[in-house]
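Listed below are the structures to be examined.
Shared between the two complexes below is subunit A, which has subunit B as its partner in the first and subunit C in the second.
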Partner chain A sequence: MPLKWVFNWQPNAGSTVNSQILNEVSQCVESINGVKEGRWKATLTYYKPMLRDQALAAEFPRDFLGISLPEQPNKYYFILRGHKIVLEADSSIQLIMEKLQSYKSRVALNFEGFQYQLGDFQLRVGKVVPTHSENLRGIVMEQVEYLPISSLEKSRQLMEEFVDIWQDAVSKRSLPGHFLHIEPNFSDYGLADHYTSQHTAVQYAHVMAQLIASVQAGQAARN
Partner chain B sequence: MECVVQGIIETQYVEALEILLQGLCGVHRQRLGVHEICLKSGPNLGFVASEVRLLCDIEQAEPTWTVKHVGGAMRGAGAEQISVLVRSMVESKASKNVLRLFYALGYKVDHELLRVGFTFHFQRGAPITVTVSSVNKMLKLHATDEAVPVTPGIQLVEVTAPATSENYNEVVAAVSSFCEYLAPLLHLSKPGASTGVVPTAAAAAASLMSDGGGTTL
Partner chain C sequence: MLQQHQHHLQSAATAAPPLPPPATSTPPSSTAGEAPPKQVALAMDRLGHAARLIADIRLGADRLLEALFVAAQPHQSSKPLHLFRQEDDSMRQHLQDLRTIGRQLEESGVLNESLRSRSNSWGLHMPLVCPDGAVVAYAWKRQLAGQAGASAVDRTRLALKAFTDQKRRFFPHLDDEQNGQGTDSVSKKHRSSQALLEDNQDNLSDCKTLSDVLTSLEKDMPNLKVLTYERLDWLKRASSLPASANDNTMEVPKHNFHSSSILRPGPQNVVSMDKVAVIELLFPSVFRAVVSLHPAGSTDPDSVAFFSPDEGGSYIHARGSSVYHVYRHITEHAAVALQYFLGIRSETALHSLLHWICSYRSLFTDICSKCGRLLAMEKQSALLLPPVHHPYRTFSPSKASSTQAIASTGDQSCSAPRAYHIGCFSDEA
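Here is the complex of A and B:
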């Protein structure tokens, strides 16, 4: 399982994310000889409980989300960040949730864009947009390492060296923000050092939390 | 979707049933050990109550989990006439923390069972699974070591086959015709419509045990 770090674009205070930044980032990958390989797409859904009495909403998790990842097309992942649970299931679990009629989709987001090959690494840059809409809500980047190392600890130095090169290239463009990678504490979720797709799912859940926090901070600043 | 019929057999005739199944299917039996946890939505969750089953296969060195949802039976005049139940069924494998997830979502344990026995998987007009098991209940939560039979001396036989809305007629026919071969030992019918044990079981079992299943019934 190739090891992966997921980043989200953190706009500077007072600025917002826009498609011009996404274009510049894509150009930036090409400027350091990234070879475009094709498109990628992941889908994330926030679920909300179906309640007869909305006053009881506090009894149920608000951060229940599901993710489908392009590298695992037959799997689906549920994450409850508050409870520190990540579950891997077959994609048919979505049909079971539909039949149970206890939770329904509150909002669904697509992560989509191009992937590039850069030496031993793959970079995926993508926009975050609600399904059936083109409103840009964020920018994410996946940095994937191809080398046969599945240990988070053993690969850390290699990953960091590449991040330095990449951040250096991005900073030359004086964009109003930067890519941020905050590694979740995987052991809280019962995940080991050996990288799996469940680690990716947890990273996406944390990236979404950062993204929501930065949008809220931006709104608060404007108000 | 799946097609399903059920029946019961006295434990003393299970060995004969196994010989018969072995002869009919041409495959070896597989051991069955499943801890089944039936969950129901808490009182405030969902506009209608919902139910989901978590099946833990304890025969594996590392137990594996499956989430199973059994939906309503197909209805209508056509469904009434056939002797096999056709119902919606969806399964998904899941990682081992699936019970924790459903607890966190607001589901609670309604009851749990331990099924111990054997299964035969084979192809006969459709991929058919025959499960012969003793159904046990737990006196304490999750205490599978202290399970006691729900109906001592009686085992449950279930014949199932996956189906789709396009092919269920053929699957029903395949299941029905297979059930006829088991008729001397047990009667299979739609779940919930059990007709009890059959009077010919003792004679059929004696015949099977004496010739090792070589005789065509």
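Here is the complex of A and C:
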């Protein structure tokens, strides 16, 4: 399947993220001839174990994530980041989890925004919002997809050049921050060079970790 | 009275077939303004009219005789007389019309040879009415017949070629000729490429058969997977492609151009070389190219198309179009390159084409030889594309596969094929 690079927005020290940045970024995409195609939405859920004795919670994995992706409506992805495990399951597993009541949702986030087409490239720009809140948590993320091929290695140079062109366009707007892409080590998760939705799920998990880290760093700086 | 009428009738009847006495042959000044074909058409028209009038006159004569016969019966009313008078009138009219037509025909030179001696600017002669009544449209008809004959020769030649092709395809056991001799294609030798051709002579001289071409290709390109198919088998393969593309552990045997279409374990059918109509070139994760041969088993490529290695479906064939812009642009460029290779030297066109296709194996990593970048915005479509144009005029299969250092322009290493963005490509390259 086509390969993707997922980015998160890294605000400059001391600045916050707002919807204005999202608008600017969208305009940026249109300035490099991106054509708005439609909306996209993904969800990410942090689970916590339901235990009678909550003190035992520390023994259980902390980052147990569930992700649903728009390109795979019938699938649900589980990730244990600490253990480098990713699993692709049928979306009906969520029903089973509800019945089992062993894990419950701690925090649920929506990634949503617009999708743009630039020839063989597809760009998604969006914000991250908690499910039951309208407040913008203040995180903007973005995803670049190159449709024709699936090999991470073969496409690396091409994607890097694209990102250069993209970053160039963004920097012209003098926004207080920049997009950051750190490629997770896919082989740790047992994933191959041929790109799949499991790769996407892993990237999302890592992006979340970075976002949380940067938010915590920001809070620490303010304190 | 009857006798008088009878006599009248006789003279009228006998007067019918031979036309009225010829008038003086006046030069057809009235028709000088019209073009010969029109004159001829008019003349034919009038002759037709005359024939109809003659038929009417014959009928009229019959009716007159009938009326006379009835009148000869006893106890008749004035009916036959009435009929007779009626018929008499119409007969006179017909004869009058006939005289008029006759005069017109004479004037246009149909009934005599007054125009024959005049050299008509179109080389056409007026139709001639022979004494026995036959009409010969002579030169005009012969002209038309001549034209029809010329195109008939062409049509026959085409039909023969088509028949020979079909025969070779469906009845190969009847065909004694070698593959290379059958084609009619004219090989135009470009002076600029002469040196190049002589360079390749040794390499290409032993690549005469399809099998040779494919073997040499596999030897030169270790990463390439070459597969061959009969034409209908390719359709099955194309439709099953998405299933096989996702299978990362797919193992394809080394000498796979001998194996059959659908990839399944177990005994595989050997595609005999003389039935091969489709060649698939797969560089995993880069592209899949489909080349069609016509006729099957020959070394004559007739079309080529590029696709993503992940694409699948019945639209994947040598005349199909990828859903992705990059492969669509390469396919367009490849069509031009194919025509070039066929025009230069049709016997080695397949060999050159396949090697040229292989120059795209590093499509997503080769930077443009002109601007030095990988991606560039193509002006017309406003899309970012890698370099999709590879030059074909100066392309040499032996250079492409050799590892010796050959002097080339620029500071690129000799083993990297030259590639250009659409906007950076110029015809001299």
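Everything below uses one rule, namely that the second predicted complex is superposed on the first by the 213 of 223 C-alpha atoms of A that agree within 3 Å, B and C clash if a C-alpha of one lies under 4 Å from a C-alpha of the other, contacts with A are read in each partner's own complex, and residues count from 1 in each chain.
Operating definition for what follows: contacts are C-beta pairs under 8 Å (C-beta built on N, C-alpha and C of every residue); 3 or more make two chains touch, one makes a residue touch a chain.
The structure presented is a predicted model; accordingly, all values stated were derived computationally and were not measured.
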Combined model on subunit A where subunit B meets subunit C, clash or fit: fit
Which superposed partner A:D53 touches (first subunit B, second subunit C, both, neither): first
Touched partner set for A:Q198, first subunit B, second subunit C, both or neither: first
Partner chain in contact with A:L80 - subunit B first, subunit C second, else both or neither: first
Touching partner for A:K99 - first (subunit B), second (subunit C), both, neither: first
Touching partner for A:S151 - first (subunit B), second (subunit C), both, neither: second
Partner chain in contact with A:F64 - subunit B first, subunit C second, else both or neither: first
First (subunit B), second (subunit C), both or neither touched by A:F121: second
Most subunit A residues touched (candidates subunit B, subunit C): B
Distance in angstrom between the closest Cα atoms of subunit C and subunit B, superposition on A: 11
Subunit B residues within the subunit A interface of the complex: 41, 44-48, 50, 52, 67, 69, 71, 88, 90-95, 97-98, 100-101, 104-107
In the complex, subunit A residues that touch subunit B: 49-53, 56, 59-61, 64, 78, 80, 83, 85-93, 95-96, 99-103, 190, 198
Interface residues, subunit A side, partner subunit C - complex: 1-2, 32-33, 118-121, 147-151, 153-155, 157-158, 161-162, 165, 192-194
Of all residues in subunit C, those that touch subunit A in their complex: 246, 248, 284-286, 308-310, 322, 324-327, 364-365, 373-375, 377, 381-386
